[in-house]
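Each of the two complexes below includes chain A, the first together with chain B, the second together with chain C.
For the complex of A and B:
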């Protein structure tokens, strides 16, 4: 088996900027998912009537279907939905010129929100009920009690799962190529198809992801350790 | 949206569930075997083997499913042709799916099994040996059954993971429920894409919920009742293991 090392190196360089797109998607999805997921997590933990049930159906659907299916659902329905919205708002814009990365933002935000909602729900239930009652007893409102007492404690319980879900998210972005988003996988795949050197191209993708995710995992571990430093004392 | 078309597509996709269940069960079987070997290597005394097993787990954990699937699909035939003189060109694509997920499962299961093995007190093994069992007998009859119950909750997650991630098999041309949906969509020139994928969701969603329910049932049936509270711990903290582990971290 002879590998074309020149081609491999060349493709590696070409695919490298794809990491930025990967981070971009992960960052936007996390930025959307952390606040919304937190709110949904509180709704679920408090069992707010109706809203809790709705959140449950949403979370169950996202957790119960493959990500690729969610991608296809969004990718095939959102353009027409957005077209209607744009028409209503009177925006003159051809929806089919939209950069597909927007759809990636939408899909990964939707799915990451559901994942984080579960993480936060579990974390909030680990905080003893008496903590919130104590907050009430000193005259805090529910919002103050959550913001100052419950959420900080829940966060430290949520941290490991949160870090895991972020690495999972970065791994999942490799599916963005199905929406023709030009990230690591898509770039290398295209190069491989052009030269019919699939093995080299896929080895590149494999290598890049391995290093990327390994690094992210290690960095998150260090951050997590620092954030929880007070507990080790 | 056309409910009639969704229902018709649903019925069209349903028979292909057998293909999905085929790679789920095969990957589960081989993955568990591989996981067992890797866990044994990690717990064993052989240093190079231990290192190898750990490296394997780390690498696989850092690889997205679709990337490994492509890699296996393109590299394995070349490797087998060049080094083993086996031509796999005519082999079904399902083979590559099973290889891929066996590799993934081997990595994750080895961690689960290692944890489950370590969760069983060493004294159990020693007690077995002390009544005259061989080391293997003590492992098989005393340690393994207990370790199994620790590993049980992960089994459900693994099945659901395989069921969902396996949908990526369509990217290499396997016609399972996902692959069939992709084909149906193509024959309609993508005009009814939303309906087709909604019909597909109607298969995935209820089945995932069913697997989860089944897992909870098994857990309640076999769950932690096997674990006797250790000295100094109350039965309460053992029963609520999920909570107590978080409490343990906080303490």
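For the complex of A and C:
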């Protein structure tokens, strides 16, 4: 097979800024999903009446459907919904000028929240309820017991799954190209289409993700090790 | 100091407490005896609202309330007057020995950190762990962990400390160090309600012994009365099983 190395290098260079968009999406989604997912995880672990059932419906709905379908739904329905809302509120803004990355933020936040809610629920159930009882016994409230004792322990139990889900999220952001978000995949695909050299473009994507994921995993592993220091004992 | 009257608790159809009264005066060391399954743990857990009693009344440190009427803030107020030493220590796994002791002071009671640390160190020193301030529970032996548990319970300066079989999870060679700490507390006049199967400890240290069977208090009195001439047949059978015939008298 003859590869056009010059083209490959050129595309690699062009696609490089796409990493920033990828990070941007992953960061926004995580920033939304960690706190909301934690709250949902606690609601599920404590089986808070009604809220727990609602959370479960949300989680099964999101986790039970393909991400690409959620993307199509949001990308095709949100603009019209937002247009109606804006019109009602009297806001003069053409919704169709909105940067499509906003839809990527919405979709990935929604799906990552569902993933992390389950991660946190599982992690909280690994903390024995006697830890909370001990907190009560020294005059702490349930809220204080969760904040100081249960959640820190749950967090370190959750770290490996948390790291996995973040790398999964980064990989999944490649689907944002379907919303015409100019991240790595979209840029490389566009170049490939222009030159009809798809193989080179895809190899570029492959290479970039390998480097990206490898780096992210290394960084997360280091953070994980630090956070788990107390458990080494 | 602590008075619990007519406490009832059932798990489903299993009636575990059937109208128990228990009274602990200031400075008392009350030892609660009874066979496994007689409801001792449940009684202590109900007193600290770790289980909600179905019926009964509690009076402690100026609070006087029916279990069923206690709202969140009443429960919180009662828990601040009673601390608990657990059978399995239940130390906070993510905290050092010192943090285990200061947590209830700083977070539970809003005490300034410097004061809490001073009290925490004094309490750990008292249980012989002045060299283990920075150790995590996983780095301590069972006996050391339970002594941290006792320091944690003492630090919050409660009206009464509840002990649920504090030495039952320990290897035999570690029991002594924990009992010694408890004896010292007794000498200092700490008010305690202790579930234990350590009969010699009960004989030597208790001011009052209460014998429970099938969710009822069968008999209570001074250790001499209970150990030397128990009135009830069930008490005699229980003591015979634990002490053997030869060991019967003090």
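The rule is short, and it goes like this: the second predicted complex is superposed on the first by the 232 of 233 C-alpha atoms of A that agree within 3 Å, B and C clash if a C-alpha of one lies under 4 Å from a C-alpha of the other, contacts with A are read in each partner's own complex, and residues count from 1 in each chain.
Heads up, the rule we're going with is that a residue touches a chain if its C-beta (ideal position, glycine included) is under 8 Å from a C-beta of that chain, and two chains touch if they have at least 3 such contacts.
Here the structure is a predicted model, which is why all the values come from computation and not from measurement.
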item: Room on chain A for both chain B and chain C (clash or fit); value: fit
item: Which of chain B and chain C A:60 touches, first, second, both or neither; value: first
item: First (chain B), second (chain C), both or neither touched by A:140; value: second
item: Chain B versus chain C as contact partner of A:172, first or second or both or neither; value: first
item: Touched partner set for A:209, first chain B, second chain C, both or neither; value: first
item: Touched partner set for A:191, first chain B, second chain C, both or neither; value: neither
item: Contacts of A:199 with chain B and chain C, given as first, second, both or neither; value: first
item: Partner chain(s) touched by A:109 [first = chain B, second = chain C, both, neither]; value: neither
item: Computed vertex angle (chain A) for partners chain B and chain C, CA, steps of 10°; value: 90
item: Chain B versus chain C as contact partner of A:11, first or second or both or neither; value: neither
item: Chain A residues touched - chain C or chain B, whichever exceeds; value: B
item: Lowest inter-chain C-alpha distance for chain C and chain B in the superposed arrangement, angstrom; value: 7
item: Footprint overlap on chain A, where chain B in one structure and chain C in the other make contact; value: 156, 231
item: Chain C residues within the chain A interface of the complex; value: 48-50, 76, 79-80, 82-84, 86, 88, 90-95, 103-104, 107-109, 135-136, 138-139, 152-153, 156
item: Chain B residues within the chain A interface of the complex; value: 58-59, 61-68, 70-71, 74-75, 78-79, 82-83, 164-165, 167-168, 170, 178, 190, 193-194, 197-198, 200-201, 204-209, 212, 243, 246-247, 249-250
item: Residue numbers on chain A that touch chain B, as the complex places them; value: 1, 60-61, 63-69, 72-73, 76-77, 126, 156-157, 171-172, 174-175, 185, 189, 198-199, 202-203, 205-206, 209-210, 212-214, 217, 231
item: Chain C-touching residues of chain A, taken from the complex the two chains share; value: 130-131, 133-141, 144, 148-149, 152-153, 156, 230-231, 233
